[in-house]
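Two complexes are shown next, each including chain A; its partner changes from chain B in the first to chain C in the second.
And then the complex of A and B:
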């Protein structure tokens, strides 16, 4: 019995991705020029301001900020896809057996994400992370910051970099082991590989629980160095996880419509839809838990985070757009059973959710990095499109490199007859 | 209703796969099935019986909305209209602080409403007596109950049909 057609990465698709990539580059360049030109006429004002705040704005700061947003966003989608894979094996799930090669393909972005992370941090650490400046820790300097100095044991470049390297290495190693076992299963069959995958996946789930949270402190929370939130680990995880689920759903739908995964039935699509719906609500729960505590306690050093976002003319629209895209829309749109079962509804909902969570990361990073110099224009869209085309290229190439269906997966038969 | 006694034909089935095929076959012949009693949930039985999707979720939504409105009305009346109070430097209408209570009331009313609706439509009441066609349907047999008065086919024909589709025995029972 042969199930599904293996995915072939056609040169036509590659060409389309190349066009998308070029479009992204073009938009980015247009965006850069617009910022440079738009800036020239209020340079005097910003020069005046810069004397007091020793802060001068350059176009590349906004560019770096965008690179960082997309780094974190796509790393999260990729590592959360591996998390999806792991929980399927830990739960010994049957429904998903037919589609597990899709999260496997998404995990292949990890090494590229690692290189990009190191590169951007290496080049732009001062521009993105205020705490990387040496003078903050020098008592004799007038810019000395006692609060940041108090966090020095944790927030210093060597420790930060070693954490980043450690996380990526562990994630990638466990991912490679999972992929190897899954590939061997295709050849050998039987249950042994599946049982081994259970053990490795259990390890990955535990590792991911800790590392995703710490990564969120490092990559997101440390931007607003003075501010802190004990919810940020969960918050970033929720955002990553629901984006990853939406992405998996989209790829499954695309492959199904392409005729590669025609055995995936409505019940499996329904389960993916339920995942997207449920974790959109979960994200809202976490978002609101963070917001309500800060709103209610009304402590200035905490509320500043929301003041920067809600009271700003630049970010306030996105603050509300974030809630609309990620809560109100999916909650109302995906509430009925039919909308989770039929691909035409999910094809509308998933891209909006994915864009919503990009906005979510935009709001986490940009106000802290750029303050009032931020904005949302061609550059933001351009860099996102560039990253998206690269991510899709890596994922689709990996998808075509192995069989699309894990044909010896012990639960495959159950997946075919899945009925809810 | 206590006076009207109805006649039922009961098909007893041993296996759920046979049962599912039998239900489909019997319904194709135009037989109207009163109810099927099983010791455990049988996958796909709703489809075989041609049941429409339950409208319980609509009831749940409406009860939930009632809860939302009730909670908001209560809090806005108390905190904003009847006795405005400043708590923690917030407005008279601190909407974010209302959300947890609104959420809880929505869940509470929708859960209670759903259970209540289910009890009413299933005719379950503490003092009610269970309709038991065959005690073995609580153990290892599936019972297909067919009401004679609601069918055009006569008793012998239905009996034959049930036997032909795999029933291990066919019984009769009167119920009120």
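And then the complex of A and C:
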């Protein structure tokens, strides 16, 4: 049986991505101009806001906010793809053996994500993270904040940056080891590489379990500096994880339709669909648990987070859109067996879920950064498109750099004949 | 065509044939009760009887017999309740969630685990029922029945009421799931009894098997029902412990109100449940010589589930501690400071040592494939999970907002007696089950004999 064609990153595809990239840039620029000139509605809101919160709003704050959303979102998709890869080895899964090179390609975004993270944090830390302002910790300053001062041992720039650097370095190192081992398996065959991959993957799972939570505290929770929720770590994980699964599914489908992964049968597609469905429900479970407990206990320090979102004219529509895209739609649409087995259904569901989780991160970041100056327009779409084109470029280039199928994977036969 | 990779180890060893499976499992039901079984049953019944006295005094004299006081209004009873409900979760996880994940190793252990689920849920239900005091009025307090007291209704906004619905639904579905799985095996025992001319047991097992005929159509219905029930049981198993966690987390009590509770409780429940399954199965497989069905591989896989869930619970503990500090809320900070360093530090320490540290030993293959070590750690984990609930409940309550209301909880002999009673019931029920019902799902094990059995591999 032929094991598909290796993927070739054609210049035509590169051109398409370049067009996408330029379109994103264009939209972003249009977005910036629209904010600078300001349409009447936003101006009213921002005037009100600037009176109450004593600071001037600039367009670049919204731009930075968008960069951060996409940084966290795409980092999450990338690192969770490596988590998917690791889970497959740790669970000794057979069904997925034919597609493991796709999450491997997605992990190649990590170094770029790292640079972008450092860059955006370096430039925009004061605009995104309230806690980075020195005056908050100065008892003599009228803006002194006792609560934030109490978090100083954790929320300070050197410690924050070292955590960020540490996470990316460990993630990328383990990722490189996994990839090297998988490549060697292609050449040498045998079981030894597979057994080694099992061990490294177990290490990665442990690392990911801890770092994904701490990263969520750093990159998401600390934006709303006063607010806290023990669930946030697993909430961010759930969102990352579903997005990653939806992305893997989409790439697998695209490659299958392109003729590269002919041997991926409907049962494998079905399993991917089940994953997307099940973890959409899992995300909802986590969302609902956090929301219900905060709503029910009605403690002002906690409810403020939802008040800022549900009672805001800017964010309330997205609050509901988030639930529609990430729960109601996938739950109803992917409920039947057929919709999880047929690519044309998944091609509708996965992009909506991916957009839904982008909205999810938009909602986690924007209200805390921009307060009433937020919005959703050309800039949000533009920056997302720019990131998407870059992400796809890196992933597809990585995909074309090695064999598309791990031909010596000891479980490959199971994947080829997978039948449920 | 189903293909199995060569590197997979067989799940059933010893070159068993289909006939061997029927023989090995059914023989336990057909044999006369052994002396060791009778002794074990005797001990369980004594526990039930002694504990029964505590239940009697509680019912007759009221819950004042327990060690509860004005500050600590929930202690052993709710600790035991949550502990038992949690233990129940493993059965459903094994039979439903592992079914959805196509984990074939579940087939040797699901029967016993599901039986354990049912008995554990009954044990759990005892505690809130007895805590009601006059439990014969429970119908009006817990069930939304139209009643003659006018507009008196149950409090639908209370998670305690959600518990009633969640646990009763969970119990019903688990019972049906378990029983449906038993039907084909009852039929096997019936057929063997007919052949051997044992008319009484033939008629009893015939009735229990609902006249199962083994036709292809019947099997197809059986499989459909199993899948539907698995689909139903999966959200149920999550919802039950989620709602149990909400008994605490919907409140405003520092130490109780924390958003991570629902998934963290579910992970903890699976953790303790697997520990109890291990404790029971290690004994069962030894006594019944089932080493070829419940192999070291099975034990190893269960130990891996214990590492994973134990570590999830560990991350949740750390998250709670960190966020309590990070929140800057003095009450939160104090609640956790008191938990770790206060008068109940030993309970917190036991919890950490048993739940987070001890399962990490399973990272060593030598330990996770060692039966004695597994048995000891499984008990340690069960102790730890009891302490976890005790820590959450009692340490959050005993230091009230006003220092003049601070108190401690000291259990009375009746608290201990009630706990003993639940153990007595649990072991009596499990012993009766393991004697009169087939402890392994013969029909399912036969279905995996061919693709994963040892003889097939050797060819």
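Just a few scattered comments:
We take it that the second predicted complex is superposed on the first by the 404 of 420 C-alpha atoms of A that agree within 3 Å, B and C clash if a C-alpha of one lies under 4 Å from a C-alpha of the other, contacts with A are read in each partner's own complex, and residues count from 1 in each chain.
Just so we're on the same page, a residue touches a chain if its C-beta (ideal position, glycine included) is under 8 Å from a C-beta of that chain, and two chains touch if they have at least 3 such contacts.
The structure displayed is predicted, hence computed values, not measured ones.
Model built by superposing both complexes on chain A: chain B and chain C clash. A simple residue count on chain A separates chain B from chain C, and the partner touching more is C. Residue contacts after overlaying the shared chain place A:206 against chain C, while chain B stays out of touching range.
Contact with chain C, but none with chain B, is seen for A:228 once the two complexes are overlaid on the shared chain. Once the two complexes are laid over each other on the shared chain, residue contacts for A:416 go to chain C alone; chain B is not touched.
Looking at the shared chain after the overlay, A:290 reaches chain C, while chain B stays out of its contact range. Judged by the touch definition given at the top, the superposed model places A:337 against chain B, while chain C stays out of reach. After overlaying the two complexes on the shared chain, residue contacts for A:396 are found with neither chain B nor chain C. Taken together, the two complexes place residues 292, 296, 298, 419 of chain A in contact with chain B and also with chain C. Interface residues of chain A facing chain C in the complex, by the touch rule stated above, are 92, 94, 146-148, 150-151, 154, 191, 194, 206, 209-210, 213, 217, 226, 228-231, 233-234, 274, 281, 285-286, 289-290, 292-294, 296-299, 301, 410-411, 413-414, 416-417, 419-420. Of all the residues in chain A, the ones that touch chain B in their complex are 288, 291-292, 295-296, 298, 335, 337, 419. For chain C in complex with chain A, the touching residues are 1-8, 100, 102, 235, 238, 242, 246, 249-252, 257-263, 311-312, 315-316, 319-320, 322-323, 326-329. Those residues of chain B lying in contact with chain A across their complex are 43-44, 53, 57, 61, 88-90, 96-97, 99-100.
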